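Next come two complexes, and both contain chain A; in the first it sits with chain B, in the second with chain C.
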Partner chain A sequence: MDLALIPNGVQRCSLKTFVLWSLLWLALIAWGVVSAFLVFWKGLNQTNMNHYFAFGLWIVFDLSLIALGAGAFFTGFLTHIVGAVFIYSFRENLRAIINAAVVIGFICYSAAIAMLGVDIGQPLRAWFIFWHANVHSMLTEVTFCISAYLGVLTIEYLPLILSNRKLKQLPEFDIFGDTLHHVVALFAAVGTFLSFFHQGSLGGMFGVLFGRPFAFREGFFIWPWTFFLFIHSSIAAGPCFTLLCIWVTQKATGKQLVRKATFTLLAKISGWLLATYMIVKIADTIAWAYGVVPRAGLSFMDFYQAPYGVWLIIAEIGIFGVIPAIILITPKFRERDNLLVIGALMNVIGLVINRFVFSIQTLAVPVMPFDQFMTYFPSWQEWGIGFGVIGYGILIFALSYRYLPLFPQEPALNPVEVLGGVVTDSGAIKRS
Partner chain B sequence: MKSTDDSTGTRYGMVIDLDKCIGCGTCVVACSAENNVSVLYDESDKTRNINWLKIYRITNGKEFPKTEVVYLPRPCMQCANPPCVPVCPATATRSDPNTGIVSQIYTRCIGCRYCMAACPYHARDFNWYDPPFPAGMERYLSPEVSPRMRGVVEKCTFCHHRLMRAKAKAYAEGRRELKEDEYTPACVEACPTKAIAFGDLNDPKHEVASLIKSRHAFRLLERLGTEPKVYYLSTKEWVRRMADNYLEGELEGRP
Partner chain C sequence: MFPFVFEWSWAWDAGRIVFMGLLYMVLGAMGLGLLYAFVMTWLKLTGREELYERLWLRFPFTLW
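Then we have the complex of A and B:
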């Protein structure tokens, strides 16, 4: 029924199978929509946040999504800037995944912005950040940059949408898409600039909290060290998240979509970034433990109480930091498919723990000596929006895979045989 | 009591004598009535109810009969270096350089709650619910203070509207300066034991200016550098220690 929309040279499941498969994700989206409706109607009392936990699950999701979406800008940067100017092999290898990276980035950023819209008490006043902007606030910088970068991602996503087989038949769309395609390097550069600043200012948001010794960091000029740490960790984990999404797509479709060399290159880049990140993260933790902490009159263990015990820092830095770094930088490990995926997954989990720790544990730790250590567990409405976002992401990615030429290497890696020949990606039949 | 806040203009501040506070809660009630603080249907939820002034019950942690209890009223500290002001993305909170009072612009607040995350004193409350004002209750609202809507953050303003009222009266009388007793927040006025003093910390004629020089004066979490303008007095050493975090052995040998 939708054959005319499916790219040339590739094979997709039947529309019926696709719709049935989509029902699960639609159910998650419905859960999210109901939750969002309740929050808009009744207010943020639908969550389990309170005066202690001013931030909750959604901020953890936001921070994680934006960091994991960094695969988009960083792959763009490596492909269109580093690959075009310095290392040609980057361009060759990463072109195979740049479309997927852009779609994943678009999903992550659009979902994060939508979640922020639900998370603020007065959503209709969200534009006040632009109108009454406080230039001293890291959150202002975050808002400006993620809004602008979502625009950049939309512009990067648009040529891909316009390259749909049916849409491409309209000359206006074809020319417009082609024109955008030619200036994509410019947008990659703009995206890189914006992303560096908002990844950093998301870290800065917590590092500037001098009233919260757990999060507070000194730094360079106006930027606390968390500014640089958040950039570093996002470019270390972002490409791994892109890799994982593509690997899951390969498993779900039973096809090889990208050559292995691309995966191992991504893993190598991620691995070295993670390894260097681990060095600076450990240095930062030691400097914090011997600097900020005693100056505030506290000891290291004051910050780690059940359930947010010291296991969190062991998990973040040791298990999900150092171990994946070793796996990903060691050629014989990353060459093995299962270890490559485990390494990438551990890298991503480590990043999520880091974002969780900065947003939740910061608030759980009492600062006044007579105050109490608090804990928080999200309500079903908060989970609903979290899972709704996951459903949204999977559905958008699945639709993009089904109807757009998401993986340029797919036709070559999976030739479709018809009447003794194969269909090429231009739609022609090549006789064998 | 040493302060690194070297401002020379008017610097309104408060001194709370914990030896005199009996924890009766009159200040909290007076504050809530004065400032149209909403009352939730379930006020037992102390992590979500709204109190601009909260009373903490602190003990020396010793077994009976050595147990000692002190009540510590905690309004907004009106910090000279407020952690909440620079973080607000929409400039919905500001520190008035002429008075040192940190205020909240409710109609501009977008409810992101970043200021709450920044404040180590939990002095800021978010309106998780639509403020319920049962029929007839609206007649008890003060016309001088705007009620807050759901989804915004609110906080103690040192009854700023009383300052405006006092200033208007002084101008009408052709005066530029306010007398010490002309501007007093509701909590100060209501305290039955006169445990709370209020005035200009920079004016030596005001009682608070001399009270903060007492060796028993201290502020909450001074080490963080927030420069609170709310001071406390206590003759009990363990109470003064409870005001901040100290490493083991750090205070040994100190008076």
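Then we have the complex of A and C:
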């Protein structure tokens, strides 16, 4: 049965090896399930969150996952809209990774929503935010957008699932999947629209915190500068995360799944976006340090105390911002495999630090004269949910890789001979 | 979110109209896309080839 589900023209490990390998990720998921059960049963006292830290590890994970999942919408936007209309030549390279980008996006968003389900403490009342929507809240906008975008990602994922070798034999599934894929540009456009607003509003949510001078920013019309910075950083890091996931899959399987040109293209796009992001981020930091900070009656160093010292801003902007930008925009650096992967990894780490800083450090800084600079460390239940999500993501991606034609270039790059002939058709989606 | 929820107001409120308008536009686009796929699948499965060909979207509607 297992062999019948594997796409034509590709080789996969034995089912036994796959199951054994999956056990590790299932163990992580089990840890997450136990943690979630404890939170649902006993409440949020299972976490180390408190009145100071209403946002904890889960929100850092959420913000990071949503930003890293931006590779899906941005790659879809470049492939199906920009690539189709304006820049025809690079579309073929991006089509080699668009399936993987959609799966990664689906994993990131479904995991983020599952985490939020635990984080809100009362999941049975989660529908309140939809039913009694406060349209003037950035969080309401984020909730609507990420829920709708998960729907878009599911629709984009569906043609890939239906192109499974066995499912494709049913004409209903085959035609439906093909038709859905035919109008994928519509969903890519909707996804781009939704992503633009929720990536931005996640940043805007911090920027409007007038009583939190660490996060507060002025801006344009109703949007603080953090709105635009979050969009910019997510589209700079999202493609790099997609690149890293594919690179890890290549290393784990020992196969080349996409051509080198695709990696360098992703790195180039990410690199230039990161470089421009670094310019506006540095400008924003300087404007904040000389504008918001003195007006709040504070000094720059008031915001950087142990353990969230000044090293954080050096790490975020300098080490994991400027350096990867230089690596990724310089052709001779990004052409070297090791540097390309290091640059992409540093870009992703920089984004996670940025989201950590906005979620945790914002809350650590005292806002009242009698407050102290606070610190927070997650409980094992919080780590459990976090690692459970990682296990879930790896398992879904592994299952998709095993049973679906995730990488259209794989059969050509790794030819498989059957009865003396090379099988080249993996069942990957083709345009009618 | 819906007109039958008690907070709903028909009074002029630009913020609400923009927010809800965009939300329902997005949901409508998603619904139309899905509906199109269902209808086309049904047409193909029931052998209505001519209508299927006529309704098959082409560039620029698919941007392809």
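Criterion: the second predicted complex is superposed on the first by the 423 of 432 C-alpha atoms of A that agree within 3 Å, B and C clash if a C-alpha of one lies under 4 Å from a C-alpha of the other, contacts with A are read in each partner's own complex, and residues count from 1 in each chain.
We take it that a contact is a pair of C-beta atoms (placed from the backbone, for glycine too) under 8 Å apart; a residue touches a chain by one contact, two chains touch by 3 or more.
These figures come from a predicted structure and were not determined experimentally.
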Chain B and chain C placed together on chain A: clash or fit? fit
Next item on the list: Could you look at A:V208 and tell me whether it touches chain B, chain C, both or neither (first, second, both, neither)?
Entry: first
_Tell me the contact category for A:H132 with respect to chain B and chain C: first, second, both or neither._
both
Query raised in the report: Touching A:A4, do we find chain B (first), chain C (second), both, or neither?
Result: neither
Practice prompt. May I ask you to decide whether A:I175 touches chain B, chain C, both, or neither, giving the answer as first, second, both or neither?
Written response: second
* Using the touch definition from the top, say if A:L186 reaches chain B (first), chain C (second), both or neither. => second
Next item on the list: Pick one for A:A306: touches chain B only (first), chain C only (second), both, or neither.
Entry: neither
The chain contacting more residues of chain A, comparing chain B with chain C, is B
Practice prompt. Quick one: classify A:G121 as touching chain B (first), chain C (second), both or neither.
Written response: first
Taking the CA centre of chain A as vertex, the centres of chain B and chain C subtend an angle, in steps of 10 degrees, of 90
Overlay on A puts the nearest Cα atoms of chain B and chain C apart, in Å, by 10
Both chain B and chain C touch chain A at residues 131-133, 136
Residue positions on chain A within touch of chain B in the complex are 43-45, 49-52, 54-55, 119-122, 125-126, 128-129, 131-134, 136-140, 143, 205, 208-213, 294-299, 302, 362-363, 367-371, 374
The answer for chain B against chain A in the complex is residues 45, 47-48, 56, 58, 72, 83, 86-92, 108-114, 116-122, 124-130, 149-153, 220-221, 223-226, 242-248, 250
In their shared complex, chain A is touched by residues of chain C numbered 1-2, 5, 7, 15-16, 19-20, 23, 26-27, 29-30, 32-34, 36-38, 40-41, 44-45, 56-57, 60, 62-64
Residue positions on chain A within touch of chain C in the complex are 80-81, 84-85, 130-133, 135-136, 141, 144, 148, 151-152, 155, 171-172, 175-176, 179-180, 182-183, 185-187, 189-190, 193-194, 431-432
